[in-house]
Amino acid sequence: MRKVETVVIRERIEIVIDAVEEETGHVGVTVIEAVGHGRQRGVTHEYRGRVFESRFLPKALLIFVVDDDRADAVVRAIAAAAVSGNESGDGLVWSTPIENVTHNRTGRREAT
Amino acid sequence: MRKVETVVIRERIEIVIDAVEEETGHVGVTVIEAVGHGRQRGVTHEYRGRVFESRFLPKALLIFVVDDDRADAVVRAIAAAAVSGNESGDGLVWSTPIENVTHNRTGRREAT
Amino acid sequence: MRKVETVVIRERIEIVIDAVEEETGHVGVTVIEAVGHGRQRGVTHEYRGRVFESRFLPKALLIFVVDDDRADAVVRAIAAAAVSGNESGDGLVWSTPIENVTHNRTGRREAT
Amino acid sequence: MTKHDLLIAASTIWVVVTAVLVMFMQAGFAFLEAGLTRMKNAGHIAGKNVLIFGLCSVLYWAVGFGIAFGDGGWFSGTAGFFPSVNELISVGQKPFDFFAEVPGAAGYLFEVVFAGVSLAIVWGAMAERAKLWVYFVFGTYFTITYSIVSHWVWSPHGWLFSLGMQDFAGSTVVHYQGALAGLAGALILGPRIGKFGHDGRANPIPGHNIPFAVLGTLILWFGWFGFNPGSTLGVDLGGFGYFAYVALITNVAAATGAVAGMLIAWLKLGKPDISMMLNGALGALVAITAASGFVAPWAAIVIGAGSGVIAVFGVIFVERIGIDDPIGAVAVHGMSGVWGTLACGLFAAPVLAHNLATGHKGLVYGGGFHQLGIQALGVVAVGIFSFSTSYGCLWVLNRVWGIRVEPTVETQGLDVHEHGMWGYPEFYIPVPGGYGTESHGHMGGLGHAHAAAKPAPVAISKEVTV
Amino acid sequence: MTKHDLLIAASTIWVVVTAVLVMFMQAGFAFLEAGLTRMKNAGHIAGKNVLIFGLCSVLYWAVGFGIAFGDGGWFSGTAGFFPSVNELISVGQKPFDFFAEVPGAAGYLFEVVFAGVSLAIVWGAMAERAKLWVYFVFGTYFTITYSIVSHWVWSPHGWLFSLGMQDFAGSTVVHYQGALAGLAGALILGPRIGKFGHDGRANPIPGHNIPFAVLGTLILWFGWFGFNPGSTLGVDLGGFGYFAYVALITNVAAATGAVAGMLIAWLKLGKPDISMMLNGALGALVAITAASGFVAPWAAIVIGAGSGVIAVFGVIFVERIGIDDPIGAVAVHGMSGVWGTLACGLFAAPVLAHNLATGHKGLVYGGGFHQLGIQALGVVAVGIFSFSTSYGCLWVLNRVWGIRVEPTVETQGLDVHEHGMWGYPEFYIPVPGGYGTESHGHMGGLGHAHAAAKPAPVAISKEVTV
Amino acid sequence: MTKHDLLIAASTIWVVVTAVLVMFMQAGFAFLEAGLTRMKNAGHIAGKNVLIFGLCSVLYWAVGFGIAFGDGGWFSGTAGFFPSVNELISVGQKPFDFFAEVPGAAGYLFEVVFAGVSLAIVWGAMAERAKLWVYFVFGTYFTITYSIVSHWVWSPHGWLFSLGMQDFAGSTVVHYQGALAGLAGALILGPRIGKFGHDGRANPIPGHNIPFAVLGTLILWFGWFGFNPGSTLGVDLGGFGYFAYVALITNVAAATGAVAGMLIAWLKLGKPDISMMLNGALGALVAITAASGFVAPWAAIVIGAGSGVIAVFGVIFVERIGIDDPIGAVAVHGMSGVWGTLACGLFAAPVLAHNLATGHKGLVYGGGFHQLGIQALGVVAVGIFSFSTSYGCLWVLNRVWGIRVEPTVETQGLDVHEHGMWGYPEFYIPVPGGYGTESHGHMGGLGHAHAAAKPAPVAISKEVTV
């Protein structure tokens, strides 16, 4: 099987998952809060006379464990759904082959 | 070496780690908060006249970097320990071959 | 391309990223909060007569998606920059080959 | 030392203590409003109450107090501006002879905190999207229009007072007026980003801290024991110690409103929504404000229950017609303010109207529609004046400079954009030695001793030269 | 204006102001209890105080006040139900002639806030697992049993009062009674899920917000300056201005309790546990409640120190015998309440017992065991009555409908299940424009201007039709 | 009942009520300080106020009150230690005949809360790095030195009082003294880890909760209506009801300070920093403390505005010279305290100085430099005495035992290290059924019913035998 991972902006989480479900039929995702640093600038802060800025922006990392033959469609669905129209920050998607995929509750091992 | 990743319910974090340590002798884990979406329904919320529900449930992602020959035993120990007896939600476990594993403090590179 | 992942102590996040940028020219990272369990002991807590301790320490997981030929340099830069001088806890770094790397905003697929 | 000296002493104690209780209502509004809005704006929302109370306190000394309670005509006071030491320390003297048993200073103190409450209400309906300078400009303007209306209703020269309008402690003057200005603001600002979906359906934007909202409500309830009973402005109005009765009525109404708000939310919405219970209690306090001196306990229960109904249905109604009022100010202070004002015309008990020598007994006691008519007239007149002046002012400001923050500011939050710093910095940025750094963070345990020995630079942030 | 009028004025100011301070103790309990329980229940825990004070306020007007202070017999008052305007505004008249210097309304106000405190204590021991309707039913029931006991001890007709029992402001009446009902509830409900391990050992379930608990404690301490000194019910009981002495004693005891609680926790548990310090202060305030009018400063220190010991060992003991009392109500209000009541029998100073014309001097002043015996009798009688009536009521309710929430509700939390919304929504669900959405979140920086331009639907949640 | 009895009653009500307001300022300091420091220390910072007020309350009864207000000489009182029941309940009798219209107990109550405020200020500047036992030792020491200085300025025997120094409610006695001790502590402790970079530049360490800081400030403002007006110590000082004027002056100054603090931060720093607005309001309250009885409203505005300037520039200056004062105590209480004390010499109005029979009119009224000189002398004398005694004591303690916590304790936080438990446990450790466990956690939804059926052991933690 394959693990498809993507970094997206948080407002797109729902849209990306819906797109994957609709376009590929795949259900199941794990979502992790992340922050990312790309080319954008942060905003200026001030506190009691000191000025400084932060360079990270909030993102989410989504993990989809999918059948090998669906991987490509999932990647494409994600890349399409993640686009926000902003100038930057929409992130990346990629996939990795994985082994030994086991469903915890049933103990069933999926074909690799 | 291999990276074993698993998504489990949070109350099982300790039990899974203990099982891995006891059954395989492997020590070392990184734990990440996650939320997941599978087949379960969320609970209904109400606020000032509006009703809505949420579809994610809290999970944890555990990462174990292990020797190649232990990977299979670790996967099995995890799958066994992650079972909560609930009807759903116990998650998945899988492994991936990794390269260049380096121990930061000593700079020692483990055999791949 | 390759995904380089590293677990580091949180105070080193900035230093590791700066080191990667300076030494390899690679820009772009995703940062995730994590907690880890290695060989160290936690600290004792007390509340209304009960005493207990916790075994995890806060860490960060950094993900760098990099060109294949830069992966090794990135791993080395990370391992060097992550060293805090503490007796333990500086974490690991490793890399994995990945496929289908797609830039969400542009939909451009990077050479694998 | 004469008995009159002792009367002044006792009355001044009473008026100052109750004024101080009302002043503390600023903390109540700060926490009610901060609790019912989002984390990203928490510092701004709480902090603005200090700012506007500050502004109002100075202005009210300068001109507001004279407009409201200085000698003058039917429309406005014309004396007592920038009052001097002597005017403030003397008792029962012009231009503040309205205050017969307490020094002018006590009068100022008691009345300025009322103006502050009215102003605090305004911003509740405008929360999370107005520019900071608007607080300065509209706060100044409203302090003056507020003072004019308070002259109408409370000054012996005021035209509504002369007609016998009953508004014991300001359901109309303080609450309704504040809500009208807030409504004007909410209309001109429009709803917060994300409040209404593309299909026009409202999205819930829950506040971030219900315990804060509870604290705010309890502080307000506490402060209301200054608001209403203190409005006797002395220890003998209505009889010596009569103010205790006003306190009882206030408490019974508030209590009923809380229980009613919760029960009605339970029936109507399926859940005993806590924010609706709080709104029920506050709505009841608003309504009983006008009536607290005039009605019997059973009527306090009726009035409180009515406010519980208004809170739930009013909040839903306001949202349904597309107005985004984050804390429910229009329903709680506006609708309940009108209800309380009219309720005097319905329920004013003969003995109490007589003791207070203000207006007549209400409809249910056979007083006919006379008092109700006067109350309605007051509501209409104040409604037209206050809404139109507020709307006009805000409309002009909006036209000329724009009173709503940029979308980016609204999205990211007023705290960091308007003030430079988050309300809860450690949840948003890495703070040296704070949450999210080594040794800390959610699910985290405890770090190394050594880490402390060589502090890292400000993690994840770069300092910029001032 | 006579001097008596001025006396009424001064006494009414005093009684109303102190009543208002006591009313504010609801915020103290709300924050103490919310602070010492979990995030998932914070809205419920804080909010329920508004609900029960609301319920109690209406009921106490209807029947409680008459039962407690209306004219009547040794067991209960039999007049003054649903009191009218005239009964409430007149001073020293039947049925509330017990209140000689203040209007009946002031009496109501002062006494209803005491009933509210007793009720607030009940729920502390039952926190985080009782169903919401139980608050309505048992709250009503307890308001009545509470009123009966307060008649016994405080009404001049009450049988314990006639015996000369000393309970200046209610260690027994208010605190011990509340704790007895709470204990009954904790026994019937059983411990929270996860509180005791499979081996029976207790797990710590730390509260979620120590600053809240500190705020709650300081508000309670503040309110206690109404509780005890206000119990003179006028300005001349014990001599003009004597209430200041009661305030001093209250403060010295509380102070000693705080320091003792911390030191004893430090010695016994190895850590100067902040929650134990707070419990020490509160326990001392509870104990000194009965004694504050009767004892010398040195005795206040002894009583306070005793409560510090009781807080630490009591909390541990209650847990050890398998009772889950999340905020320590049994130890703090129950054990310390008994301690304070008995302490009168030990330390009542001759001059003060004489000035107050209640009971006799204590054991250490050579008064023998007489007063101590009466105090013990009061403790036993109230203990039997209050515990058995409370236990009986809750047992029946539990038998018939079940008073404990389902495990799933308890696990997920009362906020979302009972009320539909979290106490801290942004930590649990995505809120439009809130924490955890674009531009926000822990370790997050700041997002794009553009994102604001097209708001996403309610992230991660689907709206459901009402 | 004589008129004098009624005077005592009214005065005692006034003094007790205002004392209680001042006592509540402990909650204000607790929240101001907790809000402006980090999450990891929140429980400690808030809780220590209860501890030190507790310590101070007992000590002040034992010796402080006698030193300050007992009969004695120019340097110190020498009577009234461990006062008895009779000394405390009698009015205007030796050794507390300084209090002419209220019982000694009321005097104690009013004065002990002032000592508590002064102590609270000390720890603000020493926050987040001092060992817990230091609170016990230095708290005791400071209570005594504080009492000596308060004798100098306020006792009729005190040498500065005899010279005619004007310090109505303690800008010098309470605030400046507290700040001096805090400064001594901050110097000896050194800055927090991470406060200054390797290059010496200051890093911002934002506090964790601006709403808490706002609540703290509003509680302080509220309490200040006890602080200043209550300092009349009766209802007739300066004329019957004159204390209302003091309240007005206090409010006008605070209001100006808030607005000025925000505007000056906006101009100087580019952002209307909320913490600076709060500091402006508090600085103004500090400054007007000395002057509130003596000046005209316009002067209150000048004084308040001056404090707004001092807050912003003072905070920046203190940081620039390398002192780490987390909440700005040195600027707000020290510099503004001096400003307020000197301002009396500038602005004391002839009529008020005369009515209060203390000192003379100020410079701007043609009083010359006389009063200003006396004020300056007071500032210098108290400065030398307080700073040197505090510095000496802390220096010795530091030399012998070390007053600063270990780096590992400071890094990980005082809550868990000094007290065993976090201020917000669910953010740091897994709590059974808490945030971060199944069914809960950020972005989380809701879990399984079944999970509840078999509770897991304390997740992620292992119990250790006691």
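A, B, C, D, E and F are the chain letters, set down in written order, and residue numbers restart from 1 in every chain.
The definition used in the following text is that a contact is a pair of C-beta atoms (placed from the backbone, for glycine too) under 8 Å apart; a residue touches a chain by one contact, two chains touch by 3 or more.
These figures come from a predicted structure and were not determined experimentally.
Student: Counting one step per pair of touching chains, how few steps separate chain D from chain F?
Tutor: 1
Student: Could you tell me which chains are in contact with chain D and with chain E alike?
Tutor: Joint contacts, listed by label: A, B, C, F.
Student: Does C-D or A-D have the larger number of C-beta pairs in contact?
Tutor: Ranking C-D and A-D by C-beta contacts puts C-D first.
Student: Rounded to a whole Å, what is the gap between the Cα centroids of chain B and chain D?
Tutor: A distance of 51 Å separates the two centres.
Student: Where the CA atoms of chain A average out and where those of chain B average out, how many Å apart are those spots?
Tutor: Computed from C-alpha means, the inter-chain centre distance equals 17 Å.
Student: Which residue numbers or ranges of chain C touch two or more of the other chains?
Tutor: 31-33, 35, 42-43, 45-47, 49-56, 86, 88-89, 96-97
Student: Give the residues of chain D touching no fewer than two other chains, as numbers and ranges.
Tutor: In chain D, the residues touching two or more other chains are 3, 6, 10-11, 13, 17, 203-204, 206, 269-271, 273, 275, 412, 416, 419-421, 425, 429-430, 435-436, 438-448, 450-451, 456-458, 460, 463, 466.
Student: Chain adjacency by touch: line, ring, star, complete or other shape?
Tutor: Basically all the chains touch each other, so complete.
Student: Please give the residue numbers of chain C that touch chain B in the complex, ascending.
Tutor: 4, 6-8, 32-39, 56, 59, 61, 71-72, 75-76, 78-80, 82-83, 86, 88-97
Student: List the residues on chain C that touch chain E in their complex, please.
Tutor: Those residues of chain C that touch chain E are 31, 33, 45-52.
Student: Sort out for me which residues of chain E touch chain F in the complex.
Tutor: The contact residues of chain E facing chain F are 3-4, 6-7, 10-11, 13-14, 17, 21, 38-40, 192-195, 197, 201, 203-211, 214-215, 217-219, 221-222, 225-226, 229, 235-236, 238-245, 247-248, 251-252, 254-259, 262, 269-275, 277-278, 281, 296-298, 301, 349, 351-352, 406-408, 410-413, 416, 427-430, 435-436, 442, 460.
Student: Give the list of chain F residues in touch with chain B in this complex.
Tutor: It comes out as residues 436-448, 450-451, 454, 456-457, 459-460.
Student: Which residues of chain C touch chain D in the complex?
Tutor: 9-15, 33, 35, 40, 42-43, 53-58, 84-89
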